[in-house]
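Everything below concerns the one structure shown next.
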Amino acid sequence: MSEYMQAYQVKRVLTHNPGLKSFRFDRVIEAEPGQFVLVWLPGVDEKPFALSGVFEHEIEITVKAVGPFTSQFMNVQPGDWVGLRGPFGTGFQPIEGMVLIGGGIGNAPLRYLAQCLREEKLVFRWVIGVKTAEDLAFREELESMPECIIVSEDGSIGKKGRAVDVLASMNDNEPIIVLAASGPEPMLLAVHGFANTFSPDIPVQLSFERYMKCAVGLCGQCCLDGTGLRICVEGPVLSGHQLQGVTEWDRPHRGPSGRRPQD
Amino acid sequence: MSEYMQAYQVKRVLTHNPGLKSFRFDRVIEAEPGQFVLVWLPGVDEKPFALSGVFEHEIEITVKAVGPFTSQFMNVQPGDWVGLRGPFGTGFQPIEGMVLIGGGIGNAPLRYLAQCLREEKLVFRWVIGVKTAEDLAFREELESMPECIIVSEDGSIGKKGRAVDVLASMNDNEPIIVLAASGPEPMLLAVHGFANTFSPDIPVQLSFERYMKCAVGLCGQCCLDGTGLRICVEGPVLSGHQLQGVTEWDRPHRGPSGRRPQD
Amino acid sequence: MINRLHVNLAGIELASPLVLASGVMGLSASSLERVAELGAGAVTAKSCGLEERKGHPCPAILPFGFGLLNAVGLANPGVDDMIAELRTFRLQSDVPVIASIFGKTVDEFAEVAARIAEAQPAMVEVNVSCPNVAAEFGRSFASDPALVGEITRRVRGRVSDIPISLKLSLQCMSIAEVAKACADNGADVITAINSVGPGMIIDPNVRRPVLANRMGGLSGPAILPLAVRAVWEIAEAVSLPIIGTGGVETAEDVVQMVLAGATAVGVGTAVYTRGLEVFSNINSDLHVFMQERGITSLSDLKGAAHV
Amino acid sequence: MINRLHVNLAGIELASPLVLASGVMGLSASSLERVAELGAGAVTAKSCGLEERKGHPCPAILPFGFGLLNAVGLANPGVDDMIAELRTFRLQSDVPVIASIFGKTVDEFAEVAARIAEAQPAMVEVNVSCPNVAAEFGRSFASDPALVGEITRRVRGRVSDIPISLKLSLQCMSIAEVAKACADNGADVITAINSVGPGMIIDPNVRRPVLANRMGGLSGPAILPLAVRAVWEIAEAVSLPIIGTGGVETAEDVVQMVLAGATAVGVGTAVYTRGLEVFSNINSDLHVFMQERGITSLSDLKGAAHV
């Protein structure tokens, strides 16, 4: 694939629940886990989605309905033409002993990372956090993976609690040497905070989201205040080091106009 | 080099006589002997010239003053910027036992062909035809080459006569197995005629000239009537086979308007 | 077997939608024939005027990485010689041949058109992109809808038995408006677009514009999006068949043009960027594209992107 | 050591002729700062209007092989937010920052210009390439010399202490004429050109234009020859300094622009085609180019191709 628009027919749709589906396209690409594609739904819009899996002849994205685009995407059927461009941005680097930690739909790219880790026969652990059981995609697959620790905020699946809360006891079990996290920003910052309590810090790879328009580092839409780092080029996966100097944590993100809603 | 315009400073000028000079440019290219470049004299025009030599760090063209462009070119000095594009078109294929036959300035590309033949340690003979002694470029170099047979129409240098007239006796000496010719069209057709008196024909490689504008096979300016072959792409070096079907031998060539002057 | 690539262009049957664009391989019967044999559905001759013109000195045609700049300066052998070439072509080929003409004045357009019609080409294409010598600021005829309408009407008056096409350029405020003026005055076809710009390339060492004419029109893949948009706008404005021209190099480019509203598709600069094989290559790729998607006729795709 | 790359642009001292073009990395103080640190001689903010605009849905920015098509739809945070970003930038960087503004009406141009001047940018650039909502056929302001002259005069009336530049586009009959109208009405600088076209890309399978807005302006290397020609024509018509913009990717492209008549050179799409390193890369290549040829100041090259 490339930055040029190319349409593909949807090969298969996997329905996790009516508002959470995975879509496979007949396409071979080279992509790192954590990298994303732009997905064009003709007549609607084009939005960024991480790859949730790369298979021999197929690539997969997993979409959660949260607004107009993602809701319409739930109607996409096998055979429909969808435009794809990418992969864009930076990926996670698979490392022996890695701990993955995902929140909600943020677990999607970690699924592909886990795939890669397994293929490279690297040991890892994966804390899968969801609000409630039905937010969990690939339930059967994940429940059968010995590496997975599922937690839910309402206790409807796995242990009750938030993913970050598990980290301390995991570290007691066996020291965490590197963390890969993807999910809501507060979770990412909490993971970063946890990693910073150690000396030396635990290296982190954190996948951020910002509103995107070009994904090729041009429009400036996704730049972080303080450093100007572009989430679409230098990110979405950033190291702890790259977080330094950013002045917009915990502030509302800039929208399509470039405006940041009043805090 | 390429089809894109690039300017080079003239490195050296070799004056054979006031109306016949060679120009060297600091440039490494891959080109076959017989291929040509377009030469842009800023403020004047751009015209095709065969490479007369390719050296380790230099390329060379040899220009004879025959009209406005070539006359102005005689004023070009070392250090002047000249635009070059190419190489374009087809080249001669060096073959063991080859006989080269050139008429006047048509000997220029054969000089490069001879260079290649010598480098590949292939045996060859070269009949160099000129009107008169002062039409001969590279006189010292060529007189010292055992492969060269110089003939002039006025007898002022070498044997008196025309280059084609030498062919029959050469063939008696040692059968000619392939002919490469470059020079005025009547000479080329005579060479072709000579080659056709044998059975099977002696294979020929003949370098033609036509008015050119694009050299990239687009404008149609250099197409031969009868077959539509483009001298700038399928030529300038054509085989005897490619001459078949051409209906414009011995007719005046089309000029810059595309018009063929009345015969 | 059906020929999926067949199109009917204003009554002319083409075995392929690909039309050799004017100015490319179009000076002689033989060069046109060569392109016809290599797969063009129709071939257009070089634009000719009343009299022979040598055009500009060289460089007149300049590759620049994404296509060409050209400022040939309407070099042409004159209408008499062109008539002879067209007649020779017609004796030897069944492929439809389109004559192309220009004039320095409205009268001259009408006169050259009438003359070239003697050669009985399949169509007369009227190239209005040349500069209007009478206009301020050296504007081209193509920029003025009223003037293009007038040329159309006058040519139509002299050429009644052969379809006429007006070859438009983007050097105007609204190509749709110009196309309307053509339709209102009797045009059968619109050819769009001519080369774009003009543009200029300056050599950083020589410190001069490289083209002898300083400026020249852009053609080739760089202008494809401009040409597709032009075809789209024309198709919205008039119902005439369009020869969509500009930057076409591949079967997918042809499909874009047809989806935008073209009936046939011009191919010019691709002869340089892709070689003369471009005609047969596009034909076979286009056939496969259509077959794989079960499309039996290009007319099913025509204008289909206007949703 | 002398800085060969230094230029004086309407009284503003730039350490490099490279100016970040509007619409690229220009939404926030931080993104502008990043580009300033990487070697731009000046940076231009994204064009802003009176109010926040979300612009068109995506795809709004589309790579197409020789550059980009964009139809962002004047998305911008509104002048209030932009003032805040510019102030933040000025507190943190000494690199001159150019504000860019647009309006839906002549009045609005004047008003936004007056507002943005509060942030004391080094220059106010007036982007007249947006569609004139009052005009027929949705023509852009930039196509009408009289209207551009009027906008210039009105902006000048409200912004007296800061240089103003008019950002022109080729969507007009003569960019030289438009530039003249700017000069006659008090402009200090001309920025040329905005993106070209518009163009359209249709997906052959989806059978729809890919851009959500259907059409979008072309930028990047495909338009360099058009931009060089525009700068050439403007330089022949007026004596104002020009920020030559469009398709610049290399030091040689910069030299072309300067030889055509530019004082400074805009860089936009090259941030995509060449990465953010493009500024430092061009700076060092340009330095070497000048040094090798004994050129000590770019002003020695300015307009030198007009022979």
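Order of writing sets the labels: A, B, C and D. Residues in every chain begin at 1.
Methods note: contacts are C-beta pairs under 8 Å (C-beta built on N, C-alpha and C of every residue); 3 or more make two chains touch, one makes a residue touch a chain.
Small disclaimer: the values here were computed from a predicted structure and weren't measured.
Student: Could you give the fewest steps needed to travel from subunit B to subunit C through chains in contact?
Tutor: When the steps are counted carefully, the minimum from subunit B to subunit C is 1.
Student: Farthest chain from subunit D, going by mean C-alpha coordinates, please.
Tutor: B
Student: Could you give the separation in Å between the centres of subunit A and subunit B, each centre being the mean of its C-alpha atoms?
Tutor: Taking the mean C-alpha position of each chain, the two centres sit 65 Å apart.
Student: What is the distance in Å between the mean C-alpha positions of subunit A and subunit C?
Tutor: Centres of subunit A and subunit C (C-alpha means) sit 50 Å apart.
Student: Indicate the whole-number Å distance between the mean C-alpha point of subunit A and the mean C-alpha point of subunit D.
Tutor: 36
Student: Counting only residues that touch at least two other chains, what does the list for subunit B look like?
Tutor: 43, in rising order.
Student: Which subunit C residues sit where two or more other chains touch them?
Tutor: As it turns out, subunit C has residues touching two or more other chains at 64-65, 201, 205, 208, 307.
Student: Counting only chain pairs that touch, give me the topology of the graph as line, ring, star, complete or other.
Tutor: If you draw each chain as a dot and join those that touch, you get an open line.
Student: Would you mind giving me the full set of chain pairs in touch?
Tutor: A-D, B-C, C-D
Student: Write out the stretch or stretches of subunit C touching subunit B in their complex.
Tutor: So the residues of subunit C in touch with subunit B come to 23-35, 46, 52-55, 57-65, 68, 72, 75-78, 81, 201, 203, 205-206, 208, 210, 212, 268-269, 271-272, 275-276.
Student: Which of the residues in subunit C end up touching subunit D in this complex?
Tutor: My answer: residues 64-66, 69, 137, 139, 143, 172-174, 177, 196-202, 204-205, 207-209, 214-215, 218, 221-226, 228-229, 232, 252, 255-256, 259-260, 289, 293, 301, 304-305, 307.
Student: Would you mind writing out the residues of subunit B in touch with subunit C in their complex?
Tutor: By the definition above, subunit B touches subunit C via 3-5, 7, 9, 38, 40, 42-47, 81, 83, 213-214, 216-221, 223-230, 247, 254-260.
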